[in-house]
Amino acid sequence: MRLASIPGKKRRARRKEKARRLAVGAPPGTLEADPQAAPTVISVVAVGGGESLRQTGVTVAAALALREAWPLVWIDCSGLADIEAIRAIGAAFGLHPLALEDVLDTAQRPKCEVQADHAFVVMRMLDREGGSEQLSLFFGEGFVLTFQERRGDSFEPVRQRIAKGAPRLLAGHADYLAYALIDAVIDAYFPVVDAQIARIEQLEDDILAGVDGDQVHDLHGLRRELLGLKRWLRPTRDALGVILRLDRPWLRAETRVYFTDVQDHADQLIDTNETYRDTASGLIDLHMTLSAAKTSEVINLLTIISTIFIPLGFLAGLWGMNFNPEISEWNMPLTQHPYGYPIALAFMVALALGLLVYFRKRRWI
Amino acid sequence: MRLASIPGKKRRARRKEKARRLAVGAPPGTLEADPQAAPTVISVVAVGGGESLRQTGVTVAAALALREAWPLVWIDCSGLADIEAIRAIGAAFGLHPLALEDVLDTAQRPKCEVQADHAFVVMRMLDREGGSEQLSLFFGEGFVLTFQERRGDSFEPVRQRIAKGAPRLLAGHADYLAYALIDAVIDAYFPVVDAQIARIEQLEDDILAGVDGDQVHDLHGLRRELLGLKRWLRPTRDALGVILRLDRPWLRAETRVYFTDVQDHADQLIDTNETYRDTASGLIDLHMTLSAAKTSEVINLLTIISTIFIPLGFLAGLWGMNFNPEISEWNMPLTQHPYGYPIALAFMVALALGLLVYFRKRRWI
Amino acid sequence: MRLASIPGKKRRARRKEKARRLAVGAPPGTLEADPQAAPTVISVVAVGGGESLRQTGVTVAAALALREAWPLVWIDCSGLADIEAIRAIGAAFGLHPLALEDVLDTAQRPKCEVQADHAFVVMRMLDREGGSEQLSLFFGEGFVLTFQERRGDSFEPVRQRIAKGAPRLLAGHADYLAYALIDAVIDAYFPVVDAQIARIEQLEDDILAGVDGDQVHDLHGLRRELLGLKRWLRPTRDALGVILRLDRPWLRAETRVYFTDVQDHADQLIDTNETYRDTASGLIDLHMTLSAAKTSEVINLLTIISTIFIPLGFLAGLWGMNFNPEISEWNMPLTQHPYGYPIALAFMVALALGLLVYFRKRRWI
Amino acid sequence: MRLASIPGKKRRARRKEKARRLAVGAPPGTLEADPQAAPTVISVVAVGGGESLRQTGVTVAAALALREAWPLVWIDCSGLADIEAIRAIGAAFGLHPLALEDVLDTAQRPKCEVQADHAFVVMRMLDREGGSEQLSLFFGEGFVLTFQERRGDSFEPVRQRIAKGAPRLLAGHADYLAYALIDAVIDAYFPVVDAQIARIEQLEDDILAGVDGDQVHDLHGLRRELLGLKRWLRPTRDALGVILRLDRPWLRAETRVYFTDVQDHADQLIDTNETYRDTASGLIDLHMTLSAAKTSEVINLLTIISTIFIPLGFLAGLWGMNFNPEISEWNMPLTQHPYGYPIALAFMVALALGLLVYFRKRRWI
Amino acid sequence: MRLASIPGKKRRARRKEKARRLAVGAPPGTLEADPQAAPTVISVVAVGGGESLRQTGVTVAAALALREAWPLVWIDCSGLADIEAIRAIGAAFGLHPLALEDVLDTAQRPKCEVQADHAFVVMRMLDREGGSEQLSLFFGEGFVLTFQERRGDSFEPVRQRIAKGAPRLLAGHADYLAYALIDAVIDAYFPVVDAQIARIEQLEDDILAGVDGDQVHDLHGLRRELLGLKRWLRPTRDALGVILRLDRPWLRAETRVYFTDVQDHADQLIDTNETYRDTASGLIDLHMTLSAAKTSEVINLLTIISTIFIPLGFLAGLWGMNFNPEISEWNMPLTQHPYGYPIALAFMVALALGLLVYFRKRRWI
């Protein structure tokens, strides 16, 4: 799972494509589909007066038609291949061309932009496999629009609550539905973050227990993931702050407390992210320190063995020299002594013991 | 004591549970007890007009009944298993469902939320064994509510002062009682922080004295604890700032100076925390530097011994070669000399001394 | 590509020249051409009412003449050698002498300065070869002026769109044209940044795969480039913020949303820059850690081999000593034993095996 | 001099005492003396109309009596053992119980609290031996109160100026006297900071000159001291800012410029502190780098010696083998050659020279 | 050039002197000359109505006399020994005693203080030799005063422009002249900064090219210089910000744009300073990494040589043992074989080749 860099290649490909289009003179705000975009499936949920209606795989026209009859419609586009449908929805709800361009360019930074009659929120939606997709959400009086890169999203709990007739959702207020969807997106960050924490704590235990392994590789990967998440979380928090400071009739005071709650969750995620990035850095340092300690211990052994046996080896070599003892008594004297050998051995043992005592004194053993 | 990560596993378990509930459509604000929550014990303290009354293990109804007769009631719920009781208290005092959800979800970030008629403060309460639990405190005109995860808390000094008839507490103002409780929670941080400081200073003394041991492990653990405390202290300070900026009739101007005092204490804790995190990092660096210095010293010895004895060993080997001296005078000449052996020895000693002088000159000895 | 330091020498040369001029008494705001400046080529694009006219290599007078007939003229000066022309343009549009001096001194920090009737924006324009040049852009009611160091720029997409008759550009509003030009400059940062990301990810893959090579050199170079880009991006973002807060009749409310979009892009670039600077630092650390691990492994081998064979060598040396076994039985006893040699070998093998077992136990093998 | 940690043990002792008192129900604001507090000596200086009177070792009553007759009295309490006296002074000047508690709890963070008729400033007063004590200063219309932990303070210059009849001090304005005292406290930081700088620069010279020694220990100690000072300086500066923003009749506009001057001094101290903390960190890094370089040099020598002599030793060993040359001509051929020995020696010398050339080429020598 | 620490000793000396004076009761604001101050030389430039007059070495009275006749006088004091003259100027222009004290105490932090009728700016003036002196500049309606520590300054360009009759300077506005002088001071920072950049880039080239040398010493010195400059640049920028926010009749709106320009230059210097401090830190890291890589390479060679030749040496030693082959066939078997020697050699060569293959496989060669 290389969370942060997943969109890397794709983003670059898109950018090249966009550059090409610009080079031939297409203005900003020109909509063009990413050739790799998933096919668009439109589903619509209409709620109001305690009732709800859900249709999947409908046409844009069918979705828009429900707008007349119901107090609140939520139109969801999964897959961004059908430019015409997206353009039609944009036209029906008065979305700005630049906003639609942001919907299609799925490497946006999370943000919230406010127009007179609707707000436009961009977030990053995580799935459990570590992938992520861009969610573009518009909400205003009587409508919520969501655009996502592919099918599969974090909205299932909301759909379940509508199906079960949750009174607040069926009251038909766009602001509360938008809150519920955004809350569901943020809630889906927690299992991902918890998995990261579990991995860090596992790595910490391994490092402290001295388990061999690729902990540094893993820590590096985790730090990149945490860095990637931070990059999405901070602007998401700022976007939620923009919503909270909104002064529009279609954002009711009583919904504000819910958005405060979501912002609290985002703060909690940012706090956790920061703490564990710090922890990961601390673990990398700890790993280095422990490795250095181990190397140092190895060098200690090398030094002890070398310092004892190299001089001994020299002594053995000394007595192995071929000076001729028969020419004079000065040559190789001990070798012709009846107890020469035991004396030499005793001298060597004494030297070795002396060195050992010295090492113990200096606390190298 | 792994302070920061204690709630880790539990939090993840709770989160999974919550995700499951959401997945089946429960709306935010639905109260459901953590299966591992401790049983709820309700105790109530009523004060006013210089008198006080304390009852433990009462029912919600009994606790609420006191509200009529006394100017100020403090209801404390220890243990969060009894959802019904908590819901009943919430209903009686007009608490927001999201706030009650926060009471039950004990992994909240410290915060202060303000409603028209009461304030809601979340803090982290430490005990002396290094554990921690969430404290949720509500206060408004005539009431203080506290919810904690289990029995045993930092409030004993306050209860003692009420029992002894402290005039300010018996005057029956909710804001002063809330201050006294919050102050007691903050005061309980000091012994924990002081213990951390004592451990760091002990480790510092050990490192500077060169005592062997696992100081790096301990420093790593301490840094994590300090990081964990910081994570609670900073938002706690912000929450106190929110209280200080409050403009509500039930927060009297004269109580503000007391909250300023608590905030000073929080600032002091944050300062200390930061200073000692810095110190811990500095100690890790110092430990690495001193270890490197020791390794370097060991390598020095290895080099000195090797540099002296490996060449000497080579010389001994040279004179141990088996060239036949009888074939020509060019072979092994010194070996057939009457003073060959002493000459060779003298040469070796001279070489060794020369190298020692060289090492001393380069300051390696 | 040494992006950040490219203008280093040139800047110093210019500065010396300026110092010389100042030393002889020229006031600030005195225009003097850089002797190395490229020759000036003036081109003009006039738009309005859905029509457009483009002329290249015209005189200043010709360019200014178009101002009467068209709602909007865009005069571009490529190359800054012709001081007279620049002064004439400055006089015609009421530019401040200090602004003109900034146009010529091409080591400006990106900024936006606002006058009563026009805004002055300084940006850094990148080309695909990693070079960069200063862009000075003025815009006010009915005119856009651009000054660049040399021919070749990021504006080609805008020129194409004008040529193809893009309605918004041909409407003749200076603010929208200024936006389009600034947007094109920012868009040209993305391929450069994407190339940096691709290089970092390549280096990351190489380091993780253990590929040999100069990754540290490359990472150092990349970090300098990223640092250099940051130095341009941050003030550019601030300059865009100044434009967004402008309250002038010649900046229409509807154009503001476009500038917000450009600012989003700048934020994205800054985010990416920061994330990848962090990543580069992390990679340098990772590389060091992995190198240290490799060295540590090498030292391990050295220690194992030395620890096994140095004592064995000593033993062999022991039995190679020339004590005379004929003088007494105490000298070299085993050497005169019929199975002396195999016993000695067996002892050596046993010692080696023992050490290997010890090493495996300590997990050094 | 372990500046920062001096109050460590004492603080913890006090805290335990306070916890004990709280546990038995004493309210915040209850005054109780530290058992180790120094005995209280009250001295009073009365000034006004160009005259001054100084009395030492007076009773509280005597000190307060002067208040009637003189425009300005400065009462100084050195030593905090006499709770009754402190309480009496507090009552006479209307000090808040929490403020008096802060006076006694001598581990306060520097701060400034403002009441309607006086300001309360807490600072840390340094003495030349590296010790420090808490100074609590109150000033309002007609009075300045100072409380310090023990005799001996930074106020001597002010007392001298009063004794010599300095007109501004004898004019009898409390704000100017408060300024003079605070200025004297800040001025006493400079010699301490200068001594730290001198030590850092000495250590820097030593490290750069390669002097052996415990520089890392010293640098670590210095960094802790600098960290400790920072912890006092930053809040002191903030406290001065609070005074400067005061809008009270007893703080005259003309005195404000003096407080600005003190704040400048605090800024200077903070700047210096920050710069030298940076420098100390840089020196620790430098020391590590230079140590690593030295170790690296040692390892170089080890490698050169080993790489030359270990192969040579092997060659000598080769010719020292006991293969029987009489059995066949294949065994030990050169040993039976008349010039075998010189040939072997020449080969060895050539090998050694070749390796030396190789090393020089790789720049290891 | 040890830029940052140049004033160190001098400052400490001054401080001691000041402490002595304070100890004997001199009030703040008492002027006393530094015994080492350079003799004061007063020069005056009077401008207005397009004319100018310059006199050097005049008395204070003569300088002040010009004030009547000319719209603008600029009085410059080089050297701060003549306290009387400085006091006289201060009295004539109504300068605050604390400001005059700051003029004499030449270790001030750059700042700007505003009075009703004049502004007081303190800056640090660099000279080309790396020295620096304090510049104190006052300007108000009709006058500019500059005080500097010694002769020789950055003002020569301004004097030249006045001499050549620059119209803006001869118009006689104090604010423009003050701008011109401040601008000249800031401009003099650029060559110093450029020299630092050139040195860093030289060091970078050397490090990347692997040139031997004291780069770490130099980088450390450079980092200290950059740190020292930062310490002056940041408060200088803040001081310029204070001037820009000034609302006084003697600071005309049209001059404000010039001060904005100076502030831009200060921003540029700060940016450059920050970027190159980062770069210097990066280079220190790079140097360490490259050194570690080199050491690692050396250790590799040591390991390869040792791992090959130590076992070979052991084998040679094995065949050099003196077991008696005549006693039994078990002793030293190969040594009595006709091809024993070549077989042994072949075995050794095979072992060495095997190890080489192993090393190449592990990529250590």
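Going by the order they are written in, the chains are A, B, C, D and E; count residues from 1 in each one.
What we mean here is this: contacts are C-beta pairs under 8 Å (C-beta built on N, C-alpha and C of every residue); 3 or more make two chains touch, one makes a residue touch a chain.
Listed by chain with UniProt protein names: A, B, C, D, E = Magnesium transport protein CorA.
From a predicted model like this one, the values you see are computed outputs, not experimental measurements.
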| item | value |
| --- | --- |
| Between chain D and chain A, distance of the C-alpha-averaged centres to the nearest whole Å | 40 |
| Chain B and chain D: spacing of chain centres that average the CA atoms, whole Å | 25 |
| Residues of chain E touching at least two other chains | 292, 295, 299, 302, 306, 310, 313, 317, 320-322, 332 |
| Overall pattern in which the protein chains touch one another (line/ring/star/complete/other) | ring |
| Complete ring sequence of chains beginning with chain D, oriented so that chain E follows | D, E, C, A, B |
| Chain C partner contacts - residues on chain E that touch it in the complex | 156-157, 160-161, 163-164, 166, 168-169, 180, 183-184, 187, 190-191, 194, 197-198, 201, 208, 257-258, 260-261, 264, 267-268, 271, 275, 278-279, 282-283, 285-286, 289-290, 292-293, 295-296, 299-300, 302-303, 306-307, 310-311, 313-314, 317-318, 320-324, 327-328, 330-333, 363-364 |
| Chain E-facing residues of chain C, complex | 4-5, 8, 11-12, 15-16, 18-19, 22-28, 96, 98, 102, 107-109, 111, 113, 210, 212, 216-217, 220, 223-224, 227-228, 231, 235, 284, 287-288, 291-292, 294-295, 298-299, 301-302, 305-306, 309-310, 312-313, 316-317, 319-322, 325, 332, 334-342, 344-345 |
